[in-house]
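What follows is chain A paired twice: with chain B in the first complex and chain C in the second.
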Partner chain A sequence: MSALLYGRCLRSVVVREGLRFVHQRERFFAALVRPLVWLALFAVGFRAVLGLSIIPPYETYILYEEYVVPGLVGMIQLFNGMQSSLSMVYDREMGSMKTLLVSPLPRWYLLVCKLLAGVMVSIVQVYVFIAVAWFWEVQPPPLGYLAVFPALLASGLMLGALGLLLSSFIKQLENFAGVMNFVIFPMFFASSALYPLWRIREGSPGLAWVAELNPFTHAVELIRFALYLRFDATALLAVLAALVVFLGGAIAAYDPGRGFWARRGGPAEQG
Partner chain B sequence: MTMMRRAALALLGVAVALPASADTIFVSNEKSNSISVVDGDKLTVISTIKVGRRPRGITFNADMTRIYVCSGDDNRIDVVDTTTLKVVDRMPSGKDPELFVLEPAGRLLYIANEDDNMVSVLDTSAKKIIGEIPVGVEPEGMGISPDGKTLVNTSETTSMAHFIDTASHKVVDNVLVDARPRVARFTADGRFVWVSAELGGTVSVIDTTTRKVVKKIAFAVQGVAKEAIQPVGIVLTRDGTRAFVALGPANRVAEIDVQTYEVKKYHLVGQRVWNLALSPDEKRLYTTNGVSNDMSVLDMERGKVVKSVGVGGAPWGVIVKP
Partner chain C sequence: MAQSASVVAEPVLAVEGLSHRFGERTALDGVSFAIPAGRFTALLGLNGAGKTTLFSLVTRLYNHRAGAIRVFGFDMLRQPTQALARIGVVFQQPTLDPDLTVLQNLRYHGGLHGLARSVIEERAREELARIGLSDRAGERVRTLSGGQRRRVEIARALLHRPSLLLLDEPTVGLDIDLRRQVLEHVHDLCRAQGLAVLWATHLIDEVLPGDGVVVLHRGRVLASGLVEEVCAGSGTLGEAFARLTGGGTR
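Moving on to the complex of A and B:
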């Protein structure tokens, strides 16, 4: 009975998130167009940047387009993670979160459901994107499309958990711009998404060091290796560690007894 | 469920599409004075054979028991045993041999002597030079017709393809091509000879009966300067449908539809791709990349470069044994 309840809760949260995604067609296109713009416009100018050295997991020379695709997959998940944090804030402002939070199920479970729902949406976006990238001749081994699924799940959960944690800090929807400036951009640019670490190290050893500590770098590398049927243990450990920290933080933050909410006065005072 | 399982199996089948290959690849390394022996299955270097200085042109004897390699700076041909992988003999070559071609009958080796504007004719059984054919300045490319009757030599500075009658050892015709012709390759039916021009940036297709250029193939690679497109190595498939041209510092191999002479695709390989060789089963194409010191492997069925393997210093020529 109880398991049924848990299952029903997960299903309804996932369905709601999915419906929200499907109904906002602009959001779907925005999510797809953003990485495609990078691939079609940005990457073309950088075509010759790589071609010079072979780095794992690649076995031969690749064009920049091929290098940047896993980074853009990471970007989709990063934006999606932040977007679900945005929707948490929205839900809170609109009061629909109360409906969720009055559920008899434990708070942490509700948060994980919310998280999984967001990740599922991001994975759909990713598959559509890598399907389109196939026509840009970014064609990883066919089995790579399967192997990347667990990697996407891990990285999506990690980035979604970060979004959840951040959403507990944001009081109002308008503050989302701050997330863009202080989280999305630094995480994306100070990572191996756009340039390999050796390239960053050539330019700035300090930045390379930051990139190595950046969990987003590890999410991208995990995806990159999985897509080419290789396994990067360091990246997986780093992503899982970050997931534990972010998710733990988010659960603590959304705990009405302790957490940031309690300190800030809780959801009752919102609006 | 069975459908899904079948789909998964199909996927698996595609994933292991780098099929086992029993090829052995031999690469001459111009700067490290050696031949790298690469195992076609594992795609790793299994042996390195020391040869004379500046080895470039490389070819098998008729039964593939020996490798002949031009040791340019030592003015000789080194002979390598393909089983023991050791230099077992030396042959005279004339001055500064760069490229050569073995006649289909397997006895005579025609050698381009870059420094003294000659093509030397070596009898490989007698190990003696039996003739010299004066040609243009800086002879380089050597191609022989499938029937062995016509030899084509290109001279880099004269920018000509010289048609030589192998019976009389005389130049019978000269065809002007674009600047710095490097490689001459006959089609399997002997009707055409393809000549690459390194500085001209083109490949001229010459009709062997009329000895006229019937088509000039030009190249353009997105994001690559025109000067960097320097066609050198050429290979054609036996069935006469596909041709591949190495484009030097453009780091690309152009794939050409032989029927339409249209470039179908540019394959990204290592830096300064120089010469090309097809595996005997024509399932793979191997390239030598002179600046990045490696060899790239193109899967002919998937039309994709699948791997690059480090070899010696400045790899130049490549040949493949089944």
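Moving on to the complex of A and C:
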């Protein structure tokens, strides 16, 4: 198997995901409206409640809108990652997941292709959102828009890998509500997306500790720092570590020898 | 000479002593059969006989625990890449993306098999012409009828030129006319291209004279061979099937 074959496979998975995205306009608008509602309604209302001091990467006092934009970018990627888990379940029911998995290329590679395709779609959504946010006077340095790209790639892959791992536990579409309640909401609210860690610590040191362990916090901080042309090494390491764990778990879960498919409800087997 | 060579040649699909369990439940128990090139073989069994498990193992959705599956001599566990590259699959559930066009669906599949874009375009044209849907290539799958979608799925499964075509109850949801059309289409492919076909079904009338048949019941093979051999002494295949499965609980 040459690199050419691998490249063709990746291209076709990305093209398909892109086409599906283009065809499902409502999905695109839903993905865009969600963070805009937060920015236009929640952030404006919250501005008066929450006073922010000057914290890195910001060099001056900022409005709450400016603080919350990286968190909302993270939210787009979080939803997208989970939605790709939804689409895996849906795909699995539709059978097109099977079509993907009977490709002769190694299964881990097929899953990585699927993941990258989902991340590409989420990055397009993020750029549309931060372009709209610019008109809300959330205007990071122009180069920040470029610098944030690798951060988005890392955080998108990490959240997508989590979604992929979760998809292996979901048997039916309805269970997505459970993912919302037990994964998306806790990850989002117990993070630095809506309020800085020092603020959380004032309210509850325990919650701040949870937020610091939450990989989503590090995804948001990685994005926040990159957008303002700063580099947060801790956040990057945390995001990459979480990526390795989640992706490793997802690949094991979809492995034809050990994965859930081989057991399908039977008792777990050795090895 | 050439004929005898083809008789002793490696079967396209060889399943030997295949067993699989889900927990305590035995889904397949010592299943063995072989399919030569150019033969349409029906995998005949009631619901729950183990047909879908067998398909999942032959397509390596998951690995088998005991026995062997070989495609042109390539072992499914040790050489899955070579084995899978020679298999085309039509799953029971529809697997085309309804929002994408026929051609986009074919391109996706071709890409998954690492085919070059130009090769995909050329073969897609050929395969669509064969099923009489050349003029629908640019239309969304959503606009096609059930029978047309099935034929597109078969065309898609042939895009990478497999030697073995697997179809898991491909006529589910089709009316009698469409069923016959799809069945004849696959028989034609078998004859014209020398494809080995494994067609899972619970419908006895989908087995035609001269076909191979594997009778699967409760995870075991009760009979296999040409339909005439399986019927020998029992009259029709229906009678043979009833006799085998009725007295087959050993």
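Remarks
The rule we apply is simple: the second predicted complex is superposed on the first by the 258 of 271 C-alpha atoms of A that agree within 3 Å, B and C clash if a C-alpha of one lies under 4 Å from a C-alpha of the other, contacts with A are read in each partner's own complex, and residues count from 1 in each chain.
Here is the rule we use: a residue touches a chain if its C-beta (ideal position, glycine included) is under 8 Å from a C-beta of that chain, and two chains touch if they have at least 3 such contacts.
Here the structure is a predicted model, which is why all the values come from computation and not from measurement.
In the superposition on chain A, A:L101 contacts chain C only, with no contact to chain B. More residues of chain A are in touch with C than with the other of chain B and chain C. Legend: residue contacts after superposition of the two complexes on their common chain; A:L5 is shown touching chain C, with no touch to chain B. In the overlay built on the shared chain, the residue A:G178 is in contact with neither chain B nor chain C.
Using the contact criterion defined above for the overlaid structures, shared-chain residue A:I54 touches chain B, although it does not reach chain C.
When both complexes are overlaid on chain A, the residue A:P186 reaches neither chain B nor chain C. Counting contacts as defined above, no chain A residue meets chain B in one complex and chain C in the other. Residues 21-25, 56, 59-63, 80-85, 87, 89, 91-97, 99-100, 104, 107-117 of chain C touch chain A in their complex. Against chain B, the residues of chain A that register as touching in their complex are 44, 47-48, 51-52, 54, 59-63, 139, 141-144, 146, 229. Interface residues of chain A, counted against chain C in their complex, comprise 1, 4-6, 8-9, 11-13, 15-16, 19-20, 23-24, 93-96, 98-106, 110, 256-257, 259, 261-267.
Across the interface of their complex, chain A is touched by residues 8, 11-12, 14-15, 17, 222-224, 251, 268-271, 292, 296-297, 304-308 of chain B.
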